[in-house]
Structures are given as structure tokens and as C-alpha cells.
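Chains here go by letter, A, B, C and D, matching the order in which they are written, and residues are numbered from 1 within each.
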Amino acid sequence: MALSRDQIAQRVAQELQDGFYVNLGIGIPTLVANFIPKDIEVMLQSENGLLGMGAFPTEDEVDADLINAGKQTVTMAAGASIFDSAESFAMIRGGHVDLTVLGAFEVDVNGNIASYMIPGKLIKGMGGAMDLVAGADNIIVTMTHASKHGESKLLSNCTLPLTGKGCIKKVLTDLAFIEIKAGKFHLLERAPGVSVAEIIELTQGELVIEGEIPEMKFS
Amino acid sequence: MSGFDKVVHSYEEAMAGLTDNMTIIAGGFGLCGIPENLISEIKHKGTRGLTLVSNNCGVDGFGLGLLLPDRQISKIIASYVGENAEFERQMMSGELSVELTPQGTLAEKMRAGGAGIPAFYTATGVGTPVAEGKDERQFNGRDYILEEAIVGDFAIVKAWKADRYGNLVFRKTARNFNPLAATAGKITVVEVEEIVEPGQLDPDEIHTPGIYVNRLIQSTFEKRIEQRTTRPAGE
Amino acid sequence: MSGFDKVVHSYEEAMAGLTDNMTIIAGGFGLCGIPENLISEIKHKGTRGLTLVSNNCGVDGFGLGLLLPDRQISKIIASYVGENAEFERQMMSGELSVELTPQGTLAEKMRAGGAGIPAFYTATGVGTPVAEGKDERQFNGRDYILEEAIVGDFAIVKAWKADRYGNLVFRKTARNFNPLAATAGKITVVEVEEIVEPGQLDPDEIHTPGIYVNRLIQSTFEKRIEQRTTRPAGE
Amino acid sequence: MALSRDQIAQRVAQELQDGFYVNLGIGIPTLVANFIPKDIEVMLQSENGLLGMGAFPTEDEVDADLINAGKQTVTMAAGASIFDSAESFAMIRGGHVDLTVLGAFEVDVNGNIASYMIPGKLIKGMGGAMDLVAGADNIIVTMTHASKHGESKLLSNCTLPLTGKGCIKKVLTDLAFIEIKAGKFHLLERAPGVSVAEIIELTQGELVIEGEIPEMKFS
């Protein structure tokens, strides 16, 4: 069965390592924070100028001067630091963030990503997404494998305006965990109960299946 | 009084000299750390044809959104917009020109403007609509595009504390674009919650040295919250 | 212990992995805010063929000058050198290659290296020997030259206080190039006078976020003064 | 008679205005700080990262962590701020400093300045001088009018490697205050007791003399 939003977040959280500085985008990526394994520590970077984002505040703790990139009120963890937007993107662009997780509309076999604009419909802007995809070495894109109408979002060529070119190597959808290399998708894992055939069916770009494809494990 | 005393006592004085068709750089991220009262003064003045440089454009009826109903903004350079209906209407109808700029590139353009760097290369935006018409060049085998600095006729900034000489301290994530905007205005106007005497701020803890600040005014702030998100107490 | 704990307990550990022919970026201005003990460790290790990036090169027998007698440095990128005799001798004899770089350009090259900006334009050095071989270009009718970023295999940094996570606070003008060097090392090693627990430094007052720091060591410092200049008491 | 070093500094100090941020180079420029008129305030920028340099410290106040660009121990004035070297040169390069005073070996009629290197003899480096001359609009160069051997330092073309090209508009020597415009030196003032003929004699580049040339005034 297709993964829930929480399950996608949970699977991504398995990629976290102790001591990782992580930037989580808006939407499903934000949920990853709820599934950080108990035995490791990660620090969350919020591109509006906070490293070491804590939990949401209690009513009493709410501070209008302390928000995350999604404009939500937050708190700071011990060891947090505050900086301006140029410094924040110096970190991001300079490749200092260990893992970036963000959503997308489309990804293609060449690692291109489209995530910020649907011409004529949605033109809110790229925010920090273009800097994040250009600056990070280690990115996981989370999205549904196909649209509600069954149209694949894993394409041979992105159709929407790009957010970044050739920068995506890993995609986690509600159906599969996929690696991108040498111009092809490679199936690494499938969601529990989802068949390889279903994934092939909903993947428009070339998909390589090598050997037995394991199911994702959730403990 | 000292020639370094930047304090002014009215918003009229704070924004004196702002005229139609000028470029204004504004600090703030969403509604956090925005120069609320300086924006209200611009609305009050009725200045038109403005080019606004700001990460966002406020919401309906608050922040930079206040400048939309009277169509005071003719162009905005921002990374993320459309949190308000009037903005979208003006953008779709072509009344408002929007230059979408990646957030990090926007921050760096402001810093560069203040720092006498006319242009810099970045990988951000390569192969995207942002790269159109821009110089491209390889360094160490990777493609980069050339982005130019931004300088404003005015910069409007919100800080937490200041001394009379314009040395600024920001509070938490209300810092964001404010220190960068402060460096990039030909005239930089700052509003703060508290003004102290020179010598009362620790020189090691000043975020923006007063050399960048031309005018300073003390005020109170509504600090509207866009996404009030809480957890239950005791968790 | 947390994966963010950057504290190491020996200088050997602090400089582990440094090998011949690497590039080291060092903080400090003159002898102020230099990573004294990390430099001594490099002397002790005997690493050779180093490219040093630092505003100055110490004095005879102190600071980076310590690396001269055994000819550990093969090239230095600096803005102002020659405060010591051995340096001049090696430079004149060609044993030591010196790339003189304007101080502001040097600072900006380090910042750019840390910030993923591969190159930037500056008016500094136009029409001078510094411009030789560099791309020149006009913006708004003025000439600028293109300067490239610097990244080091190691950065060695001196801060005042740190928490275990590597968040740094500098003291007075001992800050200088240190925060920039910290961002531009593939491995950034910092020595400090005091280490506190995470949460003990005010997040608004941290100069360098721990994300840039790989290793942290506590030590004591001689802090030699180059030009002790005083006025009589009571004046 | 030719001005003393102190008198040169004193004449430069007359150019200061209340509220000026000023960078004073090493040597004679440093002396300018001793002649700041009592009724105005200026803030001294030291390019190693200090705005608001105070007096030299007493023995008790000496702090190895607080020096100026000449590596001398200093103190901080009320309202001082500390910053890193990139920020310091952002101020300088960005044109935020109101007045820069620095020494030179040679200046020419095109506003070129040579101040940092004598090939084969002096190769200590330019320090912050190239940034200062490129970044400032308002620069006063202080130097002796001629070398000890009577060779003019105000030339039609600099002979030494340049520190900056076309950036100098004002020169104050021990003999004269000179403006540079449209490819010529223009004599503004002469040192008390120094004749126009003496100045012409020691000025190699084209020198324009218009009307009566007043003597400098020292109060």
C-alpha cells in the first residue's frame, strides 16, 4: 500500500545520522523532525536564519520574533545559533548542510527538479529551494509517485520550469525509494505491499530494476 | 548633539526625501522583523511607482501588502510572494511586475550592494528560468551564473535595540534580511524597540555598525504572526 | 556523546590528517587572534610544502614565522608580509613564493570560499599588478576585476569562547579573519580559551555557528603584542 | 617653510566634519587623530575590524586582543563596534567611509597612486591600501612633496607599481595642498612661507596655478 505522509517522513528519517545538520522543506519534509531516532542528534537549519530549531512552542512560549522558514512559530534547541539571511545561504550554498529534504512536482532521469512554478497557475516563487538544490550534495526529494490523475512525476524530462538542473540523486515517493544515476532511475526499495510492476507502471522515465527489490522496513 | 546621533522623532522625518519611482530595500521574512511603521508611513505618503526589494510582500492589509491597494508598487524583486489576493490579482493583470529571485541570491545581492561587489557567480538557478539572459561560466568544471548587486535609494530596516549612533542589535529570527538591507541603502532608515546611549551596547555584540545607518526612530510594533503553531503545554 | 561534540583533547588529534602540500587558511591579524598552538603543532608535525593563506606571516620565532626555519611553507597568500628577516630572505631567494593580495580581497576570497561563491568582481586592484591575468569587466561604467574564492584543506582558527557544538564567540579585534577562515576550511580546527556547554551562549551573540567547525580544543595563549603603545595614566 | 609631520596632520584635520567616519593610514595620517577639532566628533575606522578607535591605552588598559591596523594597542570609544575583516572591507569597498587619509610614494596627474612597493627593495605588501583607494570617494594623500634628493613625487606618470588607478583627487604635501582634476594638478594652498615658484620647481607633473594662491592657515 502507498505510504502515508508520516511513513514517507519516517523512511526519510532513517537516512539521518548522528551529528547531521539538516534542512527540511515545507510539507512532508517538515514531518521528518517527528521521527528522528532517539539515539542520534540532528540539528535543523531553517533558512530564515536559525540553526538548531526546537519543538513548536507552548502557548506561553510563542514569540513573534522566532519563526521557521514556513513562518511557523518555533523554539530553539540547546546550542542553537541565529544569523542573517546571507550567512544562512552561505551555509547552504557553501555545502555545509549534510542533508536537505524537500518536495517537488516533478523529477527526471537527469536529476532535474521542478518544484516551484506551474505557469499560469502557481507563481508564488522559489523561496530558498533553488539555493538548497544547488548547494547541497545530499538531497532527498519527497513527493507522491504520481498525480491524483495517475500521471507519473518521475519523468524522462521535466515539463515544468526547473528549480535545479542535475542536482537530485535520491527520491522517496509514497511507492518507492529511487536513486538517480547515469541518466536513469534505479529502484532501491518499494513501499510495503507495493509491487515492482505497480512502480514500473507509474514511472514514466527509464527505471532500472536490478535483482530483488526489498520492501522498506519500519520499526 | 553629536554628528553621529541618528535619532529622528517623526516618521515624516524618517522617510523624508522618498519620492516616486525610487527603489526601496526592505528587511523582514514573511511578517517577522518587518519595518511595520516605516511601511505605514510610505502608505501614508502615497509615494508611487516604487520598486520594492524584499523577500516577501506581506499579506492583505499588513506589511508591504499595505502598499498594494493604492498600487504604490510597480515592481517587486522577491523570492516568495502571493500570500495575498490583491498581490496575485495585480501580478496576473500585469499591473505589478514581479522579478522572482532565489532567496539566497537575493540576500547575497543586497550584501554585495552594500559591500561594493558589483556582481558574483552562483550555482543557484543554473538551468532554470532564473538563468535567462545571465552570463554563464565554469569554475572547476561546474556551471555558475553571474548575478548583479542591488542598491536601494532607501533601505527600511527593523532592529531590536540601537544606540543613538545607529549601532544595531537584532532579536532572534527577526534578524533575517535586515542587516543586509541596512548596508545596501543610499539612505538607511531603521526603526527599533529601544534606543540606548552610545557605550551601552557591547561592541562585540553589535550586529550592524552605525556607519550603515542614516536615521533611527523608536516605536512600538504589532508583530503579527502568520502561522501561530503551538504544542500542548507539558509535552 | 552527541555527534555535535567537536571537542578533541590533544593537538595531535586537532591537526590529524594534515599532510604535505596541503593548503591551510589561518585566522589572525599580525599576532592578534592567531591560532598559536595549532601553528606550533604544525611546526612539531614537520609538514612541508604548505600553501598558507593568512593576512600576515607572523614574526621571527612566533606565529606563522615558526614555520619558516624548517621551510615548511612553499607559498603564502597574504596582504602584508616581511615583518621578519627569515621571511624576506626566503622570498628574495625564491624559496618561498608570495602572492600579495589586497586585504579586503583576501577576506572576501575566504568568505566566498565558505559561501559557495566561486568568484566575485571588485574594483580593488584595477590597473595595478594585482589585476594581471585577471578578467576585467565594466559595471555601471566602472572597471572591475574578477577574483576567485579560496578554500583550504584545513582552516586554523582562534576564538575566545565556544560551546561543545563549535559555536564560536570572538573577542575584540582578535576576531579579524577568524570567522572567515572558519567557513573556508574543508576541515576547520578551532582553539579557544574557554569551552562551555551547549545552551550557555546566547544564540543571538554567536559569531560563527558550529556548522563550520569540525574540531575544537581548549588551550592557553601567550598573545604576544607587536606594538605595545600606551599613554601615561591620568591623561 | 615646509610643514612638519604634525602640521601636515593638522591641515588634514581641518577637512574633518562632524559625524565623519574616517580611516587613517599608518604614519602621518595616524597623527591626524591628535588634531581633531574640539567641537566636532569623528569616528576612526581601523580596517582590522574596529569602528570607533579610542586613545592609546594606559599600561593598565593594554589588551593584546585590541589593536589597530598598525598593530598598536588601542582602546575603544563609546559607540564603538567590532566586526570581522570581510565586514570591515565591505564598509571600505562599499564607500561607507567618509574620508580616507593615506601616505604614498608617488601620485600623478591622472590620480594614480603608488604606495606599496619598490621593486627589488620594498615588497611588504599592500595591506588594505588597494581596497581603501578603490573604495573611497574622498581621499587625501599625505606625503613629502619631493624625495630627500629633491626628486618630485607629483608626477605626470607614476613610475612605481600602482596601488590604485585614477582614484586620487587631493594631495597634501609638506609644501602644498593640491587638487587633481582633468589630468592636471591644481594648486589650492601653499605652506606658510613657501613660494609658488618653489612648488612649481618641485612638481614634475603639469601644475595649474589660478589666481592668488593662499597660504594654509593654522589656528
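FYI, contacts are C-beta pairs under 8 Å (C-beta built on N, C-alpha and C of every residue); 3 or more make two chains touch, one makes a residue touch a chain.
The model shown is predicted, which means the values in this text are computed figures rather than measured ones.
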Count of contact steps on the shortest path from chain B to chain D: 1
Pair with more cross-chain C-beta pairs in contact, given A-C and A-B: A-B
Whole-Å separation of chain centres (CA-atom averages), chain A against chain C: 36
Computed distance of Cα centres, chain B from chain A, in Å: 29
Rounded Å distance between chain A and chain D, as computed from the means of their C-alpha atoms: 55
Chain B and chain C: spacing of chain centres that average the CA atoms, whole Å: 32
Interface hub residues of chain D, defined as touching at least two other chains: 50, 76, 82-83, 86, 89, 92-93, 135
Junction residues of chain C, two or more chains touched: 108, 111, 115-117, 122-123, 170-172, 175, 203-204
Chain contact graph, described as a line, ring, star, complete graph or other shape: other
Complex contacts: residues of chain C adjacent to chain D: 29-33, 55, 78-83, 91, 98, 100, 102-108, 110-111, 122-130, 160, 170-180, 207, 223-235
Chain C to chain A touching residues, read off their complex: 2-4, 111, 113-117, 163-165, 167, 183, 197-199, 203-204, 206, 209-212
Chain A residues touching chain B - in the complex, by the definition given at the top: 46-50, 55-68, 70-74, 76, 82-86, 88-89, 92-93, 112, 117, 123-131, 134-135, 161-166
Chain D - residues contacting chain B, complex: 17-21, 40-41, 43, 45, 50-52, 76, 78-83, 86-87, 89-97, 135
In the complex with chain C, residue positions of chain B that touch it: 108, 112, 115-123, 139-140, 142, 144, 148, 169-172, 175, 203-205
